[in-house]
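Two complexes come next, and they have one chain in common, subunit A, joined by subunit B in the first and subunit C in the second.
Showing the complex of A and B:
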């Protein structure tokens, strides 16, 4: 009986608590990754079948846990469901629309991007200088906020079209020419 | 209405709480509604509650997805549970199933905790599950998590050898009208309808109803057994996502059924439950969930016994990150049962009417070591019950994700199976002189389990392996009161035992449209009498389990309209029932001419005209081959 009363007190006091909206870093990044699908167009070859899943891949050590899985569960882009794949090696990457490259792969970003070449895959990472090194979208932690940095040339080179709505909220950078 | 009940109803009406994972989803749902601008203005915290991927879980877990259930053609929860190869599943007759993990199987198997949306469904009568009344609309199931091995620290008593967690979809994900109808042999007829929609700006609801009728099984002489049955069930679910990310959900189910039996009269079953859950994230580092439910069951087996059972249950769980390394979960629970048995000439529960309560509290800390790759989880549950007082169930686990695709885990746990009414209060016949005179001294059975597991993902291939050794003390025995006089006997803890084995699964995606899955379990159980015990059964009454089982599944999509699925299973003999080994095949063909309509034909147990899965030669029933057709329309 005492326990029940204690539970009830905790509940009612909890209900009265005021809170500010805060979220975990990778929760927000997962939602960004999901949103990107709606602001990007791939060439028709990337999805010959209108019901083919939109594949979001994660390369390297996965910091997203189930956040990304939870985000895309039950969601569709038109007729296309979403699917999450986790890759250890570059050679595992077959069909893929959006590729999140983990910070664990920072040291070999150049090698990864070179291997992907002009394949129509939207590359995303939160590794340092990812966009300047030829990646398409970089998450930048600015104090407690997440900003986007986009390398438009890199996207264009792979025939990936990024909507102006996304470009508007991002900082556009170029790959420095030697 | 008593004050206790009034307070309880208040709590039920005021609050509610899903497992931690569901909470995670709530905040994600809220984030998904934001614009890019808003998303960029969210404050983020880098050290926060991070939901664990199953791949990293330090226990032997298998997940049955909605796709798996649909492809299997399963029409009941026990049929769907066959998809988890770490479970032993045997159909006993038309309505009864023996389901367990890591052995100790039987129709009154008592070492498994089964939850449907957080509601415990094992009965305090015998710590097992009446599978005939555990039903859900299978198309509303999101997933079924099956953990083999002890889960007592987090989940509580009875999670000695495993946990089955059935999780249905959020009301938001079950919009529109879904009508299903079909029938055939064995499953004579099945019909269901579900409708879901929005409720105000932040709420969603669904209501459903279903009914089925099943054919009897066969007696050993080839005649139909008197066990045909039919049942109806209905229910609802409301989910409300408040804009400030509070989340409330309320759901309930009602059922009523009639089952034929050999003695005069019909078995009547009916019941219902209502549950409220409330989840409140304080921040990305801390959240609270509370759930409360009321569950009522009625069962009348003319000539054997009758029961009316009320269960009241409330659980509170708080999860928080402490510092940069500690992910702490703690909580407490309270459970009250009010059980009234109608005794018969055949058997009696004495006293016939009992009220019992359980208090529990638990705490668990997952400590991140070595750059998030190595986690140590320490925790314990402390429980108080009216039979044996305090029980402590600690566990320690380690998981080491030494590369993104490889995880090694290990655990040591203590778990207890506390007494249920059948262990202490069962007398037979219903009047003295008794042949069986209860179990006045029955204590808890205890287990100490050692586990080791490995998971590996290599491209489209996923492998998992778990090995275990468990030592049991004080297993249930039947003791002669005045040996060598054979009767009367009492229930006691005169046996010890051990079990060991391994569970392996492999999934491979051959192409985007073709997936295959294999599961294999090898298992040994030894039970022996302790000095002074007069029980010479060597555990024959406690475990009916094959030494090995194998399952193979294939799921193939042919274009946008057709799919072909098959599942093969082999189970070795159950030696102490002289039940021969058997192999069976289920298959399903589905055609979706338009997006809204799916037509399918499914065959179950196709390899033999009939076969037996459980029971001694005299008592066993044969399960017949079954074929049914089904149409499903989603608008």
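Showing the complex of A and C:
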């Protein structure tokens, strides 16, 4: 019975998917966050155990809802499973690979980035000028599409390697020199 | 001309061409097939490689739904003239980008199909998974390539195969025409020699020998055969010559013998004639004294009857009877001699009419004997009428005579056909005879009955037989004692 219900749910969600050709903005962002893991390499120290989970963290108010959880469910990067963590405070962030900084934290971006320092964490946000302010990847809304803006220097400084393929589909920006 | 009647030269060439042609065609087919299969595999491999490279390049574009980038990546397909269409589908099966950028709807399937490569409707299509590393699938790459390259390859290998086939067949024909002589030449030489030997009957000919193979053996055997025929022909000629000599010798010998026989026959004829003449003159000369004996016996009986007494009269009566019987005998003998000497005149004779005349004579002489004569009318024959009358007279009179002791005497004269030959029959129901003595019937003085029983001289049937002999016919008789006799004769 439970199986049948699950099958029904999958079917209706699939139908829903067909009926709404344009996925909602945060649905797309959730998929992008998940996909980043495949185009980014962290230094070996960040994952001494090959089975250690890939941790995607969300700092601040979570606009993604359940989309991200649904996206990563059952997925693996090599042997590594995915794990979602939601942080209230900066201090909560211990081991993390990809950190999504919510718009709610826009005011504190400089502070947060400074606090993270050179830790090998891929920082992502959809806040304005996030990349120019030292963030690594910024979601930019462009005519109902989501584009990427990447601050390569910031990533290199944190020893996070971004695949050239990812760079190819993104706009590269620099932190303006004062 | 049926193949069976082709000259050996042509047959050999045809066989060689057929075999090499078959081998060449099979080889060519194998070559073309191999080429086509290999080429298909090759272009499939090429498409697979191209698809994988493109798929690897398009991961980010798919992962981050970058249509512009995806379109740019697909645009690289224009460097392959055989690529007809291409498309990238995201993980949900939606088209992200196409090649050409504004592709006709029918060029791009609405949704990705199962991964793999297949020939479909004159195109080679490939569906390749797009994934980054060993991870979750990002989408599907579709590429459709036309198969013109394949048909070009088929055409090219076909042309090559046909050209090679033509050249190889020409070469095979040239070789066959040149090499068939090794086999056909000895056979043709044999055939020529055989024809010459049989048409000209010249067995001194010999077939030329070309080698020590089976044909060489055949040639040897044939030549030996010719030699033997030649020997036998000579032997036969010698035999024939010898035989001719022998025939000539025998012929000469036979001629000698014939000559001797002819001489003998002439001598015999002369002797016979002499004998006949002698018999005739003797008979003739015997009649005069016999007439005297009878005449004077009569005188004695008439004039001196009283002096003679009963015994004397009786003796004289016997003398007279004996002399009269002797006169009859002499008459018959003269008749027989005349039959032999008489000249033959052949003419158509009505035997039936002749028989009726004779019967009238017989009945006039003895009107008191009731004998039934049955004469089939219209029986005719070729012969001497005078002599044939003697024959019929003798036979009918015999029938009449030997049936005298029957109350219902009957004599028939008719004819029957036997083996296409006409046989005349005179039949009576009289005393008949024993068949053991049938061959004695026609001898002179041969009698089966005593004169007391049936009077007669024993010359009649001998005369009949001589007449039949002179006509070239046959006569024979059948009889049973007391059941009658039947005489058959031919003319």
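Rule of thumb we're sticking to: the second predicted complex is superposed on the first by the 158 of 178 C-alpha atoms of A that agree within 3 Å, B and C clash if a C-alpha of one lies under 4 Å from a C-alpha of the other, contacts with A are read in each partner's own complex, and residues count from 1 in each chain.
By definition in this document, a contact is a pair of C-beta atoms (placed from the backbone, for glycine too) under 8 Å apart; a residue touches a chain by one contact, two chains touch by 3 or more.
This structure is a prediction, so every number in the text was calculated from the model and none was measured.
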Kindly classify A:88 by the partners it touches after superposition: subunit B alone (first), subunit C alone (second), both, or neither? first
Subunit B versus subunit C as contact partner of A:165, first or second or both or neither: both
Partner chain(s) touched by A:145 [first = subunit B, second = subunit C, both, neither]: both
Of subunit B and subunit C, which one touches more residues of subunit A? B
Would you sort A:24 into first (subunit B), second (subunit C), both or neither based on which partner it touches? first
Taking the superposition as given, does A:61 touch the first partner, subunit B, the second, subunit C, both, or neither? first
Answer with first, second, both or neither: which of subunit B and subunit C does A:70 touch in the superposed model? first
Kindly classify A:52 by the partners it touches after superposition: subunit B alone (first), subunit C alone (second), both, or neither? first
Quick check on the superposed pair: does A:78 touch subunit B, subunit C, both, or neither? Answer first, second, both or neither. second
Mind sorting out which residues of subunit A both subunit B and subunit C touch, each in its own complex? 17, 21, 28, 32, 35, 39, 145-148, 165-166, 169
Can you list the subunit B residues touching subunit A in their complex? 4, 7-8, 10-11, 14-15, 21, 24-25, 27-28, 30-32, 34, 36-37, 39-46, 48-53, 55, 169, 173, 244-245, 278, 280-284, 288, 290, 314, 316, 332, 334, 359, 372-373, 401, 403-405, 457-459, 512, 560
List the residues on subunit A that touch subunit B in their complex, please. 1, 3-5, 7-8, 10-12, 14-15, 17, 19-28, 30-32, 34-35, 39, 49, 51-53, 60-63, 65-67, 69-71, 73-74, 86-89, 91-92, 95, 102, 104, 141, 144-148, 165-166, 169
Would you tell me which residues of subunit C are touching subunit A in their complex? 57, 59-61, 63-67, 69, 92, 94, 132-136, 138
Please give the residue numbers of subunit A that touch subunit C in the complex, ascending. 17, 21, 28, 32, 35, 38-39, 75-78, 145-148, 163, 165-166, 168-170
